[in-house]
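Below: one structure in structure tokens.
The chains carry the letters A, B and C, assigned in the order they are written, with residues numbered from 1 in each.
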Amino acid sequence: MDMSQTKTVVVDTVPESAVSTRNISKNYGEVEALRDLSLEFPRGQLISLLGPSGCGKTTLLKIIAGLLEPTSGEVEVNGKTVTGPGPDRAFVFQDFALLPWASVIRNVSFGLEMRGVAKSEREDIAARYIKEVGLGGFENAYPHELSGGMRQRVGLARALSVDAEVLLMDEPFSAVDEQTRRKFQEDLLGLVQNENKTFIFVTHSIEEAVYVSDQIAILLPRPSRVHEIIRPSGFREKGADNIRRDPEYLDIVDQIWASLRTYVE
Amino acid sequence: MTNAEPTAVPGAPFGAPGTKRPLPSRALVLKIVSALILFGAWEIAGRVPVSLAFPTFLESMGALFRMAVDGTLWTAYAETLQPLAVGVAISAVLGIAIGLWVGLSDFFDWLFSPIFIVMQAAPLAALIPLLVLAYGIGLTSKVLVVCIMAMPVIVLNTAGAVRNTPESMKEMGKAFLASDLSIILKIIIPAASPVIFAGLRLGISAGFIGAILAELKITPTGVGDIITYSRSIADYPSMYAAIFSIILLAVLFLNLLEKTEAVLFKGNQRGYVSD
Amino acid sequence: MTLFGYRLPGMSSLIIWGLLWEIVGQAGLTFFIPPLSEVVGTLIEVIQTAAFQKALYETAYAFIAGVFFAIVIGIPTGILMGKNRLLDELLLPWVNVFLSAPLTALVPVLMVLFGFGMKAIIITTTLFAIWIIILNSRAGVKQINRSLVEMAHSFGASPVDAFFKIYFWAALPEILGGVRIGIIRAVKGVIIGQLLISIVGFGALFELYSANFLMGHFWAVLIVLFALAFTISEFLAYLERRVSYYAAKR
């Protein structure tokens, strides 16, 4: 296909893909943000898009979400071509994108409200997910009364409550502090295991990507391309507490840094 | 060296005076002290007197009390507030509608924005003689004066606020399948409302200027009549009392609006777009 | 606004409005709106008259004097308020009061105190401009990054050095912003002053034109005034961007 993708591991061992992108290009005028990018996202897994800033990982995520249109190429979700946002995908925003004038429960039920779910029903569902993300008791609080980490839990509950098959997460933990982030990462592992959903996770943190992902797609800039796909295998079953000192984990982190370091200013 | 706190919020140092007040009691005491100093200085200057046309504070307050008791003040305000209320109401409805339109559509932005930008910078008071020629010296002219003073800032603030709705909030709406109408009604307008409200407040402030200008320039009615008449018969205490009362009224009303704003849009504050 | 892929310049819609004005004028719908072409013709005529030049000179004089006092008094007051807490707490309520007060109501007082002339107009102009200059200078000083101050101390800067090399520049963007808004307000103030004290400058000119129903003259002067005001405001915004390029990146 393309010289730049020779290293792509063809996904053949895993089952059917929930999301696939085919030859996606995106130009902003003269600037090439993405060139001819193809990726498969297997069902039920968490796939990270990792790369230095400017590699187009958020652009790709927003194209999958249907928020941006690719200049060429197409995205398929469950075999259907994406033409815009749809009920099969939900988005978690880097800056949370909460409505500051609405209470937690109204924020969480926003997606259901837009789907025309009746008020009492959507508030029942929202309340359930608020509890699930650990915010029980804060239903009537407003975003400005919450810490950054709690705000992102609201964003997460909002995305979960619409029960979409695919969760798109755009650097969701980058605006919260280190300790909260660790807690989030652990919770995310539980979520991947319990919910039968596909997660596409954009991050710029190598450790975070290796810790949470079933697959890591490493994107390199200028022009943007998939450099490599890494599939950690050995430490996923050893339990969340042991991952960070697993030799394979450490090796992968080092290996990724080795291939990224030349692209960091 | 590294404990830098990025506190600077460039944009509007305008509406946030005295954000860090340690004890409300100290602030209150100092406010009273500062009022005493100012009114004391006024009293002393009046007693010297610095000018024959400068009555003391107590004389002026006496005149104010007298006018309040015999009812002149209230009839005057009933008359003054009429063009102000009508003008502000028209400016608010029309200004917010145009502002939303301009903020949402590129075409109307291109078409209307220059007019309001020029109006905002220009001394629109110069139009008053023309308005008087065209519409006479009645209520219409006065309402129009209030409108031309109040409208530009309302339009510009509304349009700017709509345009500045955070991109990620609009994307969030789209990602969760909101229709264009829902995005406007449930995201853009609520997000813009603090700035729209602030624009309204600035518009009302400008409307006060217009209403008084109209009464002093076009025909003396209401409070403008008290000012003009007492000046002509050299009843300076009454003149100062009328001026004091209108400034007091405007300031109290605008402060009330600001307080309302703070309660209404708690946690949802953003800077003003422009003066 | 883009048309056929070509970006229209920001203020180009004013041409449309000018055309509309011309059409309304030519149609003779109302006596008060003569065609734009006629107004422009009058404009060229008017700006050569002695009466206009006198009005422009008087207005410019009052305006410059008013702005001068507003800046010279306003900036130091604001800086002092920013540095001294007691002074700040005593003055701030009044600055806020006068910032939003309908200052037109004070013009009659100025008239009886300072006479029906230039002095009262200059003071009106100053009163319109000064409060926002004070408030912004104060805010500029208050927002100076603490670590900048500590940096100056740790590198052994003397107080004078610290003031001229750190405080002044750190507060400059806000101060300039205040001066810009103040000057725009001063333009309005000087015209309001002249309208109420209508024997000087454009106030007198407007009386003359409206008494004689000279609509073309009236609009011609309005165009000149509005154009001048707009140019001043845009020029100041440009200057502010040039000088305060670092303001957004602090």
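Keep this in mind: a residue touches a chain if its C-beta (ideal position, glycine included) is under 8 Å from a C-beta of that chain, and two chains touch if they have at least 3 such contacts.
Worth saying up front: this structure is predicted, and the values here are computed from it rather than measured.
Asker: According to the touch definition, list the chains common to the neighbour sets of chain A and chain C.
Answerer: The common neighbours are B.
Asker: For the pairs B-C and A-B, output the one whose chains share more C-beta pairs in contact.
Answerer: Of the two interfaces, B-C and A-B, more C-beta pairs touch across B-C.
Asker: Select the chain at the greatest separation from chain B, using centres from the mean of Cα atoms.
Answerer: Max centre-to-centre separation from chain B belongs to A.
Asker: Indicate, using Cα centroids, the chain positioned nearest the centre of all protein chains shown.
Answerer: The chain sitting closest to the overall C-alpha centre is B.
Asker: On a C-alpha centroid basis, what's the spacing between chain A and chain C, in Å?
Answerer: Distance between chain centres: 51 Å.
Asker: For chain B and chain C, let me know how many angstrom lie between their CA-based centres, rounded off.
Answerer: That pair's centroid distance is 17 Å.
Asker: Which whole number of Å gives the spacing of the CA centres of chain A and chain B?
Answerer: Roughly 47 Å separates the two chain centres.
Asker: Residues touching two or more other chains, restricted to chain B: which are they?
Answerer: If we look for residues of chain B contacting two or more partner chains, we find none.
Asker: Where on chain B does chain A make contact in their complex?
Answerer: 166, 168-169, 171-179, 182, 186-187, 190-191, 193, 265-268
Asker: List the residues on chain B that touch chain C in their complex, please.
Answerer: Touch list, chain B to chain C: 1, 3-10, 13-14, 17-18, 26-27, 30-31, 33-35, 37-38, 51, 53-54, 106-107, 109-115, 117-118, 121-130, 132-134, 205, 208-209, 211-213, 216-217, 223, 227-228, 231, 236, 239-240, 243, 246-247, 250-251, 254, 275.
Asker: Report the residues of chain C in contact with chain B in the complex, numbered from low to high.
Answerer: Its residues touching chain B are 1-2, 8, 10-14, 16-17, 30, 32, 86, 88-97, 100-109, 111-113, 132, 135-136, 139-140, 143, 145-147, 150-151, 154, 173-174, 177, 181, 184-185, 187-188, 190-192, 195-196, 202, 206-207, 209-210, 213, 218, 221-222, 225-226, 229-230, 232-234, 247-248, 250.
Asker: Which positions of chain A touch chain B when the two form their complex?
Answerer: Listed in rising order, the residues are 62, 65-67, 84-87, 89-91, 93-95, 97, 99-101, 110-111, 114-115, 142-145, 158, 162, 168.
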